[in-house]
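Right, one structure below, let's go through it.
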Amino acid sequence: MEATVCSAPVNTGFDIPARVNREGKPDGTIVRIKDFGDGGKGIVIIAGPCAVESREQLFATARSVKDSGAKIIRGGAFKPRSSPYKFQGMGEEGLRILDEMRKETGMPVVTEVMDARQIELISKNADILQVGSRNMQNFPLLKEVGMSRKPVLLKRGMMSTIEEFLLAAEYILNQGNENVILCERGIRTFEPSTRNTLDLSAVPMLKQLSHLPVIVDPSHGTGLRWMVPSMAKASIAAGADGLIMEVHYDPEQALCDGQQSLSLDEFSLLMTELKRIAAAVDRYIL
Amino acid sequence: MEATVCSAPVNTGFDIPARVNREGKPDGTIVRIKDFGDGGKGIVIIAGPCAVESREQLFATARSVKDSGAKIIRGGAFKPRSSPYKFQGMGEEGLRILDEMRKETGMPVVTEVMDARQIELISKNADILQVGSRNMQNFPLLKEVGMSRKPVLLKRGMMSTIEEFLLAAEYILNQGNENVILCERGIRTFEPSTRNTLDLSAVPMLKQLSHLPVIVDPSHGTGLRWMVPSMAKASIAAGADGLIMEVHYDPEQALCDGQQSLSLDEFSLLMTELKRIAAAVDRYIL
Amino acid sequence: MEATVCSAPVNTGFDIPARVNREGKPDGTIVRIKDFGDGGKGIVIIAGPCAVESREQLFATARSVKDSGAKIIRGGAFKPRSSPYKFQGMGEEGLRILDEMRKETGMPVVTEVMDARQIELISKNADILQVGSRNMQNFPLLKEVGMSRKPVLLKRGMMSTIEEFLLAAEYILNQGNENVILCERGIRTFEPSTRNTLDLSAVPMLKQLSHLPVIVDPSHGTGLRWMVPSMAKASIAAGADGLIMEVHYDPEQALCDGQQSLSLDEFSLLMTELKRIAAAVDRYIL
Amino acid sequence: MEATVCSAPVNTGFDIPARVNREGKPDGTIVRIKDFGDGGKGIVIIAGPCAVESREQLFATARSVKDSGAKIIRGGAFKPRSSPYKFQGMGEEGLRILDEMRKETGMPVVTEVMDARQIELISKNADILQVGSRNMQNFPLLKEVGMSRKPVLLKRGMMSTIEEFLLAAEYILNQGNENVILCERGIRTFEPSTRNTLDLSAVPMLKQLSHLPVIVDPSHGTGLRWMVPSMAKASIAAGADGLIMEVHYDPEQALCDGQQSLSLDEFSLLMTELKRIAAAVDRYIL
C-alpha cells in the first residue's frame, strides 16, 4: 500500500511530526505484507468478521472473501467492548483459529492488540497488529508495537485530530517501526443517524502530510451495512490506498457488529464496483 | 437532478417528514431548471465565484466554467459574513450583473436569499434561490421560498442533523414548492485542519430517506482548494446528483473564500476527472 | 445587569470585535429595563412559559413567578419549531396577551422576534427583543434589531463559537444599539443524555472579553427539569449576571418544552437557593 | 466523598449498568482514603502539580496546598503526552519522590497509571490510582485496577458519553473494586477558546444515575488558569463531591500544563471562596 503525492502545500496550524512527515520521504512508504503490497497504484482490500466466533465462521468467510478478491483477512480475537457484559472475543482460542486459517488459505491476518503483554503471542499468530481507536493514545502500547517489527494498522481515535493521529503514528516510527498503516474509521459528531461520521477529507489530508499509506473502514465509519458500498467507493475516489470492511457469512447472527457487516454476496458484488472506481482514478485493486 | 433508489430500509430513530419521504415518490423528484435537469442519471455541476465582485470577474469566470462543462452559475450578491466588517456583497448591483450574465450566456443562476423581503427581487434576477447554512432554520424564510415557485437550493446547517435538514425541506414542500435541492456542505466538528468536516454519508442517507436530489459543496466542506478535487470525486462516487463549487478567475485576489476557490484551469481539469468517476457509477455529467 | 471585570489577559486566538470589546468599557454595560437593572452586583431572574398558550396560563404563571422573585417574564408568541407540524405559537394573539399581562402586572416582557418585519409590532408589546439561537447569524435581523432602541437578548447559536457570538453582537452594536444581553443556552455536542451541553465556561470567557451582561438558560441548556436547579446554581457561581428559565403552571400539559419547564413550586424553591449562592459570590438577586 | 440523591427519575435512553446503578445503593458510596472521606456532605480538594518535576517542586507545592486546605496531593510520574518529543514524566524516580512526600507530610497521593504492568509498583507509592481520559476505554487496564484494592480515580474520556463512562466504571466494579471516583474533566467540542468544554451537567447526571462520588477537574476542563476559580465554584454549586486542580509553585516554569496551573497564592485564595459556596449548598470543604 502506498500513497501518491498531492501538489499543494498545506497550512495546518501545527508542526507535522518529523518521522511521519512526507517531506522526508516524498515517494511514500510501502508496507510489504507477505507477497502483497508492491506499492504504487495498488489498493488493498481487507475483509472479514468483526470477531472470530468459530472455526467454521472464520473459514467460510475467509474463503469467500478471498475468492472475491480480498487480500488480507481481519478478525478480532480480543474485542474492546463498551460494556463488560458483552461478548469479549474468543481470546487465545480465536488466535489459534486465525493462525490455522492463514496457514490453510495463505491469507495474511490483521487482528487487534489491546495490551502490550499480548504483542508477543499475537505476533506469532498474525501478520499485522491493529491498534484500535480506543487505544490510539495508549502510549505504552504504541511504544511497544513500535519496538515490534510487525506492520501496524493504526486506527484514528474517534475524537482525535489529524495532528494527534500523526503524533500517535510518530510514537511508533520513533521506536524504529516504519510499517504503519493509517486508518480513518469515522469520528464522533453530533449526528445520530450514522454510528460515526466518516471523515473522508482525512484521506487527502493524511496523504498530503505523511508518507504513510492510508486506508478507510466504512463499516465502523457508518455502522450501516447498506451504506458501506457507497462509502467504500467514495473512499477510493478520495484517494485511499485500501479498505477494511466487516464481512460475515450470516450477518443477522453475528455476535458483534452484525448491522454493519456485509454478507458474502454483498461483498462480492461490491468488489466488482470497486474495480471500476479504482480504474477511474488510475489505480487498481490488488 | 434526480436521486436513484437504494435498496435497504433504514432505521433512523426518527419519523421521516411526510412530504420529503421517498415512500410517497419512489422514483425521485426531478428539479427542472430551464432546459437542463432531464433527470435520471445526469449529474449537474454548478460553479462560479463566492461573491460577484465585478462584471468582468463574473463574466470571465462564467464563460470559462461554461466552456469546461458547468451547467449553472453560482455567485453571491448578498453575503452572510460572520463579521460586520467584512465584505457584505455587492447587493442589488451584484444582482444586476448576474442577470446580465445569464441573459448573455444563457446560463441559469443560483444566488443566496437571506431575507424574505428580497425574494421578489432576487426571483427576477436568478433561477434558483439558495437558502444558506446559517438560515437552514430561518423558518419564516423557508415558508416564503416555499410560497415561491422558484427552485430552492437548501444548504444543510453546519450543526444540523439529517432529521432537522429534512424537516427544514419539509417547511418548503409544505407550502407547495417541491423543487428543492438538498446540499451537504460540511458540518462542524472538533477537527481544525479543515474548515468543516464534509459528511459524505449524508448523501446516501438523504437519498435513501427522501425523493429530493442531493448535491455536495466540497469548497465550503473542506475550505481548502487543493482538497476540492478529491472530495468532488468522492461525492459522485458516494451517489451525489450534483456538485456546487467555488471557482474564481484569480483566487489569490478573491474578496471572499479565495483559499477554497479553484482556478479556471483547475476546474477544467477536474471536469475531465469527474466524467470518469461518473461513468464508473453508471452516470454522466450533464 | 452588569458584568464585573476579571483580572487576567486572555489569548483567544482571535481579534475581539471592536464595539463589544471590554477594553473600551471596562466598567461594563448596564442594560436598564424599566426600573430594574441598576447594575453592579444584581442578578436578574427571567421566568415564564416556553410559549404563551392562553391568557389564563400566562397570567397564572407570571403572577406566581413574580411573587417568587422573578423580575422579567419570558413567553413566546412566535415559536421556531424544527417541524412544520408542531405548535408554532399563538402569533399576534399571543403578543396581545403578553401586552395585557405586562400592563396588569407591571412586569417587563421578553419575547422572540424571528422576522425583521415583526420588529415594529413586537416592540409595541414587549420590552426586550429576543434573537433566538437559530437566528444568531441571521444578519439582516441582527442589523434591524440594532436599528431598534429596544434591549436585545441575543442567544448563542447551538453551533456557534465564542468568537462568532461576539461578532453577532457586534452587528447589533454596530447599528447603534448597545443594550445587548448575551445568553449561553447550551451547545451541540456528541453527548445524547442532555438536550444540549451547557457551556458554563462561556460565562467567564464572555465577561472577560466583552462589557456586555451575560445570562444563562439552563432550561434549554439541559432539556431536563430536574437538572435545571443545579445548573442554575452553577451559572451564578460561574459569574452569570442573570438566568432565563422556563416555568409552567402545569408542565405536563405544556404545548412545548414541558419536560424542561419547572413547576411554580419548583421555581419558588429554587429562588431561595439562588439567593444563597448569589450571596456566596458577593452578589444578590434583584 | 459521597453523593446525595436527587429526586427525579431519569430517562436516559440507555440501561444504567448494574453495579454502578444508584438503585442498588441509594445512600451512595463512600470512598475512604486514609482517614479522610467520612462521606456525607464533605467535599474533598485534590491539588498538586501536573507532573512531579523535582523533590523541591513537589514538596514546596504539597506543603503549601496542604496549609491552604487540600486533602490529597496529585502529581504525575508517568505522563501521557500527545507527542513523543514532550516531557514524559520522571517515571520511577517521580514515584519515589511522591512516596517520600506522602510519608513526610501524611498527605495521600493520587497518580496516574498508564500500563497494567505498573499497577503493583504504583500501588506501593500512591493511595489512589488514576486512570486518565485517554485510557477510559483501555479495558485490560480497567480490569486490572478492578482487581486491585486501591481506590481508583476514573477520568471521563474527552470523547465519551455518560453511558460509556458508567460502563467503564462498571468494568472496575465488576472485578470487585467499588472504590471508584468519577471525574468530569471536559469534553471535546467545536469551541476553540477553551482547551476542552467542561460539561458540568455531567455532575448531576452521574450522581442521579450512580452511587459513586463525582469530582471535577476544572484545570483540564478549561485549560486556562484564570478560569479555574469560576469553574471550581460552579462545580460545587452543581453538586460535585470534590475537585482536582493543578497547582504549581512557579506556573511559568512548569514542564507541563503551566498555563492551566494555579499559583500557590491563587489556590489559597480560591479555597476561601470555595468554603462559602459549599456552605451555600449545605456542604463543607473537608
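By letter and in written order, the chains are A, B, C and D; residue numbering begins at 1 in each of them.
One rule holds for everything that comes next: a residue touches a chain if its C-beta (ideal position, glycine included) is under 8 Å from a C-beta of that chain, and two chains touch if they have at least 3 such contacts.
Please read these numbers as outputs of a predicted model, since none were measured by experiment.
Traced through touching neighbours, the fewest hops from subunit B to subunit D number 1. Shared contact partners of subunit C and subunit D are A, B.
Chain pairs A-C and A-D differ in how many C-beta pairs they share in contact, with the greater number at A-D. Over half of the residue numbers at the interface between copies subunit A and subunit B are found on both sides, making the touching surfaces mostly the same.
Averaging C-alpha coordinates per chain places the centre of subunit A 35 Å away from that of subunit D. Centre-to-centre spacing of subunit A and subunit B amounts to 33 Å, using the average Cα coordinate of each chain. For the pair subunit A and subunit C, the distance between mean C-alpha positions equals 48 Å.
The set of subunit D residues that touch two or more partner chains comprises 159, 163, 188-190, 192. Subunit D contributes residues 188-190, 192 to its touches with subunit B in the complex. Residue ranges on subunit A touching subunit B, taken from their complex, read 6-8, 10, 12-14, 159, 161-163, 187, 189-194, 197-201, 203-205, 208, 221-222, 224-227, 230-231, 233-239, 273, 276-277, 279-281.
Interface residues of subunit D, counted against subunit A in their complex, comprise 17-18, 80-85, 114-117, 134-135, 137-140, 157-159, 163-164, 167, 170-171, 174, 188.
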